[in-house]
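Each structure below is given as structure tokens.
Consider the two complexes below, in which chain A is the common component and chain B and chain C are the respective partners.
Take a look at the complex of A and B:
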């Protein structure tokens, strides 16, 4: 349970995601991408080498920053981006026949009637994920304020304005799923056997767009726009804190991808046990790779264009998803 | 304690308000600034004023040129715009030739046009790549630099250097074109035509790029003339001016080409002008390869001065010019000359005064980017902060060229 999907697993996923992002982009952009650090596996070790390099680099804390918050910022961001994983069921534990079957009783979800690979069993897992993940932008703003840099400050303002737009979309999209399936428990949603993308395609689309917005993926990369704001809220960071500040948004993308895979793509079904968990993760990775692939196709929109798009087009779409959820709820 | 409560009840809670107005130092060490400092005065997200602190890459070309022989000046003159060095070189040489009163053989004129158009394509692709990455479009960045490569290779085959070619000499050019280079060029044209379609798919017609560039940094026709815009930026504002048409030099009077003009004057129109200029340049290259006349590539006046032994070795063997001794420190007659060409980024002018010695008395160099400083500043006023880089990239402003 700790390994899958735990810290070590998340680290590997993170490195794979960044590696995939660089490799996919390189393929489109007529380059090789990471190459020399072990040619046989496509330069995969380049990421590990980079991580070690950053990890051993000196952490510079600007003298006029708020020292405590400056250091706490990236750590908390990574932690809160990682925490929602505790509420995501990646697979179902079969009552017998699997090496995890002895834990059947221990992880039994009495609301869904099945046992799950989910560290914390709760009937409100959807709600908890939204609640914990929505702390991250607040921490980003705190970090930007603490680092006392003008570019960070502008980034924080952009992040704050953007948060209102995309959090609304995420919440409405997920709530409409909750209404449709009469539950806030992800396991119960998966258990019905109807993937959310079929039951409510508009909610799936809105959620995916909000996922791109919420995790600063292209074309909604305004909060970290490098040619405008250097690195946004994390301009002043170096060393291990920089690694954490980069890892946080990627982890959050992965968390949202997992939510998308379980709620909208049917999760581990039709498998169960460890193969089911692998299936869930593969689905999530496809979403993750697709979201990092957008970098090769799009530039970044302007903040006002994103907000206009968010409130004028995606917000009504989210409300439509809610209505579809209400109607669909009658049949499910 | 009660006093404080009363104070609060009377005056209300004092809340520290973060001012919406403020200054931002973009550069000189910033991913989006280039070699300069852009001092931005912001009001919320709107730019109130922009101060361009240029001069970080000043090379003092004009002053140094008073202490160099004419021929030794060529490498220095090229340096400000290494991506566009053929044009820099050509304009200077044209001014010197006017003082020397030399006739250039037609084949050399065609070769000058050839090199200039290859250089223009490379320069435009570079500019579009930079423009792309300014808007976060990394694919355009990589493609711009990747597609530029084939043209730079042609320049290398022709002149011996990828950039800073020092190709053009008073009275002609340094090397002759070969069938291999012609074949390379044909391949490059075919490749770039195919690639431009991809460019249109991923960059020019991309809804994201359209949203970012349309109606951004709009320069009306009147403003473009008043602010002194040049080159593709001027033509994107509806002014059909091109030195190649207005005052033909090299072989341009014999070449068929159109100058693309757009009325919109926004960043998108400027991009479209560049794309179409690349197409026009390729058309010209094809015509040059078809129609290039036979003959010498250096004026007879200088050609005669090359020693026969060297002539046999270099000219008859490889069709290369070895500089005659006269070049090292020739003394042109007293006089002054003005020459201008259409460089990749716009009109480039040279004014040379000769006092009869081996060194210019004065050399004035007016580069297109230098004239864009004013345009950049005026366009940035009133736009959003995120559009600063869009305007910057769409103008194709190149700081070393402006600083000279």
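Take a look at the complex of A and C:
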């Protein structure tokens, strides 16, 4: 089919993101990072080797855990981190002259008046993304509870406290964009031709910080703090379940990066068709790499520092973005 | 939690954050690496480096001073054909060099070898025959190891220069 961000694509993105994280952190810390597994492409095969190793490792289920939820947890996290991609338009289908033009009718979005590379056409795509993505922290808490491990429990508490702080920011930032563009459809937002970062820079900033918070990137890594909590909610996991538990947050980062690329960075414009899709993905990858780059710049904040920052500085900033959205909406 | 009023300017804070990110980006674009690519190149060791110890069997007079001074009980005396000779257990040795210092006839010497690997603990114990040979492990690579010398550079931190 013509669903561009498919499963294989997501897998490659995931491996690239982890490779980039290790390589960027190594460069800034005066090291080399992955190197020997194919020197020519910077040790990229190391990640594939790691993936195969974890994929073939034995899955150990602790005897005092809740078995069903323990196994379901990472699977559901990955699934729900993956689902919002169904609502993100990556490009526009030109009415003629492209390989995908025969599908023009099938994916016609009558609300925006254009045909899209978007599996599920809906006028409320922003709302759907927020709704589906906000299930992930609940599943993380469920996973942590099912693990029956003290590190996981502390992680779950932190995740629960943090969720309230960052979900508010994400929702207000996206709703302010919705108010500004008079629509909750991402395609309509892109169609106006004004990137959100120009129309409402504060919303873009708040959304980016909330993206870092929501997907446990540095400096907001408290829920998965590997130096104090092993890996937080995913302490007990091994083998393929560990791969899934690691893939979930990265996929969620990529989903939010795609939202950032489309809503705030103008998406596929000025291109169309497959080049447009590639442009959107490149923009999203830049955001993704930038968010993993943060690991090498920052240390980890304490939970109270994050909450103080979130509620004292970013929440007022988000409200300011809402007001800017209301004022900007008059002109757009 | 009680918050104590602190004078902090959010815009100044934001500026500092941007400065930190800018520094990170600078290092990302112009990386300065100080990694020693170990198996391919290795450092020239200084004279007097306390590496693995070697015995000169013919010089040794069997005075047992080295075994007596050893703080880790790594060195033990054995009798071979009526002559007392030291043997060493590298599983215990702390490379303090006391035995080399105390030897009255200089029968022990410190070599520059420090990068050795053993597959089991029995191999760590060197009897006098093995102890009195230059310890040498077969090279793991086909290419010769490049010997380098570390130098402090003001801009790059540490640079490695080939030793000639």
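Convention: the second predicted complex is superposed on the first by the 329 of 332 C-alpha atoms of A that agree within 3 Å, B and C clash if a C-alpha of one lies under 4 Å from a C-alpha of the other, contacts with A are read in each partner's own complex, and residues count from 1 in each chain.
As a working rule, a residue touches a chain if its C-beta (ideal position, glycine included) is under 8 Å from a C-beta of that chain, and two chains touch if they have at least 3 such contacts.
Values in this document were obtained by computation on a predicted structure and should not be read as measured data.
Chemist: Since both structures carry chain A, what do chain B and chain C do when superposed there: clash or fit?
Modeler: clash
Chemist: Determine, under the contact definition given at the top, whether A:124 touches first (chain B), second (chain C), both, or neither.
Modeler: A:124: touches no partner chain.
Chemist: Contact-wise, after the overlay, does A:315 reach chain B, chain C, both or neither (first, second, both, neither)?
Modeler: A:315: touches no partner chain.
Chemist: For A:111 in the superposed arrangement: first (chain B), second (chain C), both or neither?
Modeler: Neither partner.
Chemist: Give one of first, second, both or neither to describe whether A:44 is in contact with chain B, with chain C, with both, or with none.
Modeler: Neither partner.
Chemist: Which of the two partners, first being chain B and second being chain C, lies in contact with A:299: first, second, both, or neither?
Modeler: first
Chemist: Does chain A have more residues touched by chain B or by chain C?
Modeler: Partner with more touched residues of chain A: B.
Chemist: Go through the superposed model and pick first if A:28 touches only chain B, second if only chain C, both, or neither.
Modeler: Both chain B and chain C are touched by A:28.
Chemist: So which chain C segment collides with chain B once the two are superposed: 27-35, 81-89 or 99-107?
Modeler: 99-107
Chemist: Check chain A for residues that touch chain B in one structure and chain C in the other, and list them.
Modeler: Overlap of chain B and chain C footprints on chain A: residues 28, 30-31, 296-298, 304.
Chemist: Looking at the complex, which residues from chain C come into contact with chain A?
Modeler: 1, 3, 10, 20-21, 23-25, 27-28, 31-35, 157
Chemist: Using the touch definition from the top, list the residues of chain A that touch chain B in their complex.
Modeler: Going through chain A, the ones touching chain B are 25, 28-31, 150-151, 153-154, 218-219, 221-222, 225-228, 230, 295-305.
Chemist: What does chain B use to touch chain A in their complex?
Modeler: On the chain B side, the touching residues are 18, 22, 24-25, 30-32, 45, 132-143, 146, 202, 206, 208-209, 211-212, 384-389.
Chemist: Where on chain A is chain C touching in the complex?
Modeler: 24, 27-28, 30-32, 293-294, 296-298, 304, 308, 313
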